[in-house]
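Chain naming follows the written order as A, B, C and D, and within any one chain the residues start at number 1.
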Amino acid sequence: MIRFALFGAGRIGIMHAANIAAHAEAQLTNVYDVHQPSAAKVVAAYGGRVTDTVAATLEGVDAVLIASSTPTHVDLMVASAAAGKAILCEKPIDLDIERVNGARTALADSGVPIQLAFNRRYDPSHRAVHDAIVAGEIGQLEQVVITSRDTGLAPRAYIEVSGGIYRDMMIHDFDLARFLLDGDEVEEVFAIGSVRVDQMLTEFGDVDTAMVVMRSAKGTLVHINNSRRSVYGHDQRVEVLGSNGMLQADHPRSNAMVRYNRDATTARGLLPFSFIERFAQAYVDELDEFIQMVKGKKSPTVTYEDGRRALLLANAATASFRTKQPVAVSYA
Amino acid sequence: MIRFALFGAGRIGIMHAANIAAHAEAQLTNVYDVHQPSAAKVVAAYGGRVTDTVAATLEGVDAVLIASSTPTHVDLMVASAAAGKAILCEKPIDLDIERVNGARTALADSGVPIQLAFNRRYDPSHRAVHDAIVAGEIGQLEQVVITSRDTGLAPRAYIEVSGGIYRDMMIHDFDLARFLLDGDEVEEVFAIGSVRVDQMLTEFGDVDTAMVVMRSAKGTLVHINNSRRSVYGHDQRVEVLGSNGMLQADHPRSNAMVRYNRDATTARGLLPFSFIERFAQAYVDELDEFIQMVKGKKSPTVTYEDGRRALLLANAATASFRTKQPVAVSYA
Amino acid sequence: MIRFALFGAGRIGIMHAANIAAHAEAQLTNVYDVHQPSAAKVVAAYGGRVTDTVAATLEGVDAVLIASSTPTHVDLMVASAAAGKAILCEKPIDLDIERVNGARTALADSGVPIQLAFNRRYDPSHRAVHDAIVAGEIGQLEQVVITSRDTGLAPRAYIEVSGGIYRDMMIHDFDLARFLLDGDEVEEVFAIGSVRVDQMLTEFGDVDTAMVVMRSAKGTLVHINNSRRSVYGHDQRVEVLGSNGMLQADHPRSNAMVRYNRDATTARGLLPFSFIERFAQAYVDELDEFIQMVKGKKSPTVTYEDGRRALLLANAATASFRTKQPVAVSYA
Amino acid sequence: MIRFALFGAGRIGIMHAANIAAHAEAQLTNVYDVHQPSAAKVVAAYGGRVTDTVAATLEGVDAVLIASSTPTHVDLMVASAAAGKAILCEKPIDLDIERVNGARTALADSGVPIQLAFNRRYDPSHRAVHDAIVAGEIGQLEQVVITSRDTGLAPRAYIEVSGGIYRDMMIHDFDLARFLLDGDEVEEVFAIGSVRVDQMLTEFGDVDTAMVVMRSAKGTLVHINNSRRSVYGHDQRVEVLGSNGMLQADHPRSNAMVRYNRDATTARGLLPFSFIERFAQAYVDELDEFIQMVKGKKSPTVTYEDGRRALLLANAATASFRTKQPVAVSYA
């Protein structure tokens, strides 16, 4: 039984707590949140106890799940590693690449297993596409097209510190692109964007509608499009073209009902509006893989270095958007 | 250039006239209708001349297309055959099997090419399914499921003389079933029906909602369902199960636009409401095959005997519905 | 925490044991199987203790899950009810309607909650179709078409005592039809069948390919087709036509990957081959509903009477197949 | 009856000749090709006479269809306009923007109706998407994603003079993007490309795999991807996102057969491999619109200026690819 400390009892933290409680090999032991009543709610629902310091939270557990606000991630990872705890940390590691680079050695030296929570790598459809590529099913990979459209903007306060759409939202797609490219790293990024949904974003130099094209070392071309608005639900898809065919990861569905009526035929219901619902299975599989890793049965699918590289791509896209120039990416 | 006489300038006749006019190897020469202004309209649009007797209509043509009312079919076929004209006749041959049997010998002896206009055999999707079955793609055929739902009832005057849903509407499905069974004839028919759309049908002992199950000589089972009401358009599909797989002939579409909005996802437009639009390509291919047959390049896909056997099945279904008993089918 | 006794540690019993163990409000307490090593395996994996008498199995539990062989169901239900235990019993109640009728009063008088395990009512897609019908979305229900094709025959020993395809396999579809008809009972059944997969069945007067048509009191027509062979996986679908539209419960999928290659486009993977995988979510939801019922929060979706009526329909279909006559159904 | 002169009896010319012959209001009168036997073949199949000078070809016709090699387009348009003939000209006008600009005034002054043959505007699915956008169905347009993948490279001799992938192939997509943007012109283009299919292209500085992102005046973002290799057929699709939903123009199909077998489910056949087959209906509708325009009943959907602007975008993309910089587009 793997005992978990949970940092952060917000929306994502609650979801992780539920998954820990439901996992046969895991239990929720300590829960920490700067807002203690939030932690207390999680404990009431999923067990464990509320703790009031980081040190106390790290006591008596095998692993930590970090779902607190982004600026706390690095310090919590370092403290957890120092205490010898396995780490599952929400994305991004940090918005500041210097801080990410700074913690690298200490974390690597600690030897604790670390997994970054890029949920999309665990989505059954994306994973099926990845596995088919790696198995050679479509031959040489030539194009990757990723679509991610969220159902609405986060509140102004969140947007203000989010780091902008490329670092806050598209970072998922950068990681997914790297997952699909399977080691063939992106060398160049060009980004455009515009404000189409909410003019508030102009205050922060941010955009709500964004597109990127990238080229990998081997010459595979990648396109990502993002929008903060999708009235039909959370739209997150992938398409890859290779010398022997195309694969798509289309929308999974909670049921298979199809409608024919006076308005439409072959109509299905809306997509889930929350990413938590959209990636429900992915979050379960992600946690399970982490637990297998803690038990020494698996190596992690998403490493600290993966988190760092996704941020490098997001930074490159942000710079490209601002300078209106393509940006070469260095992973050093 | 094959010169055509057209009998019948109603809705189906007009459609056939347009197809004749559009065919590079055909021309409309004579047009006959008991209501002369209808014939005149067709001539104005698609060429030829209006004729006022059967004899005059048969003069100077190579082939006849019979699209007049059902009770006239047999006499027109016999007259056309006597005049040595190739015949393309709308379904059904007649509602009275005695009349159908009566004309058999004379028509066969005449030696003229005769083709029955069961349009569904020419639908590209149904034909693809048929061809795949015949090619052995799904191994031994085991089940056939045919769905046919029309968008509304014909007027009362038509219904009254239609012969009932099994002979008027399901006769198409009986022929399609025979096409797919590829020589393995149906031996037994059981039919049920009910009035769900329009109580007017009870006056004629007719129904608007009907289902049939049938068994072929080899033991393949066939189901057909019919409805006189479909709010989403003309719904006509086929599914076949074999020892090596399943094939479906789904709905063809006039365009490939798909919608995602606040009400639905993967939504497509309604199906065509008229069978003429639904089977537009089938009618073109049917005429082309007939023309190739007249030119001696092809043998007919749908013979007089096919028309007779479809009627025998429709009669069996009608009898089964009335007697509430399964009915054995004899093709003698 | 609801404590469960499990009768039967075969394939279905194991699956139920896993679901009990995974449910936050349930625990596996006692496990009984005539073959004790099977019970011991389940206990090793999911907890509880092995018991060696029915009486011992009923001790210290709140509820029983009966997944033993069909002939034991009625006695176990009666014993469990006498002991005041809530009952979740696998289908069918029994193959002998006399035994089913015989236990009716005793079970009803006991007052214990009883739920029959017709898993299809819990399938998210079938349930969505049912709910849409009940909500009036497609107006007056007019046709129901149910397709169920299994991936292969059970072993000869099972087939011999299975009661035949209508009682063993199609009984699920009869229950599903009743679920969708929502109180409008079937009045008449006509069944045909043939042996297309395995001639062994002829020894038992059984078939592997079967079709039924039925008519409800209000005149809704129902078709069911069954096959013991489907090379593309477990094929279980529903289609309903109403005055305002059509609904289909198509195949759910474990992922949303779509392939385009040299052989095909829009290709997806095979369907799950086992019904346990096909109805995995249904089994989870079924158990959860039962637990809510035991806790007094819900009334059962599938009652003993539902199990009895499904058997009456299966018996009617069997009689129809044997007599080659339509059979009227009485529910007295 | 509109009498046509056809310039160019190659693959596209033959297709146009067939469509002219099949159109009820058109006839093929003169056919010119530098390779006379090619012209003779077209005449043998579709009527008219072979001509041996441009002047002779322009005699006795109402309209010209220019399907000769690209470098001849401008001169033939100018000569045809001078002779007062209506013009339907294949894309592109020319690869040299100076020549395109040079002929502008003369052609405009001539007053003859001119239509550029960008076939995609006539594809029923693309048109349906365009019409829905213009009707406001998805609100404010925000993203356009166009996919075009051809089934193989043209011969080396063709590639050498093709102008490169952006001008030869993607020019269709630039025009389609402009069609969908409905007057909101593209202001900036960024292009990347790589050689993944055939190294021969490196000799010409050309690529076979290409991606572009563009931004319109209003801030709509556009992505186009192109490949010279698609093993599953000619893949040409569109997706547009707006504030009220998404529309896709998916692949049209020649039949609606769907397969389920041991390898796959929901599998359909390959897409057509030739663009002539893929856009068969578009070519018919394009010709029909031109004929209606010649008869004064319609204004053209695709003007000379549209051809010029598509070339400006293709030139911008080519420059962007070569300079690795985004390129601003001026339409002056």
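Definition applied: a contact is a pair of C-beta atoms (placed from the backbone, for glycine too) under 8 Å apart; a residue touches a chain by one contact, two chains touch by 3 or more.
What you are looking at is a predicted structure, and each value in this text was computed from that prediction instead of being measured.
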item	value
Farthest chain relative to chain B (centres taken as mean CA coordinates)	A
Between the pairs B-C and C-D, the one where more C-beta pairs touch	B-C
Chain centre separation (chain B, chain C; CA means) in Å	41
Mean-CA-position distance for chain D and chain C (Å)	57
For chain D, residues contacting two or more additional chains	231-232, 235, 244-246, 251, 259-262
Chain D contact footprint on chain A (complex, rising order)	140, 142-143, 145, 147, 149, 188, 190, 192-197, 209-215, 219-223, 225, 227, 229-232, 235, 241, 243-246, 324-326
Chain C residues touching chain D - in the complex, by the definition given at the top	231-233, 235, 251, 259-271
Of all residues in chain A, those that touch chain C in their complex	21-22, 24, 124-125, 127-129, 132, 137-138, 244-262
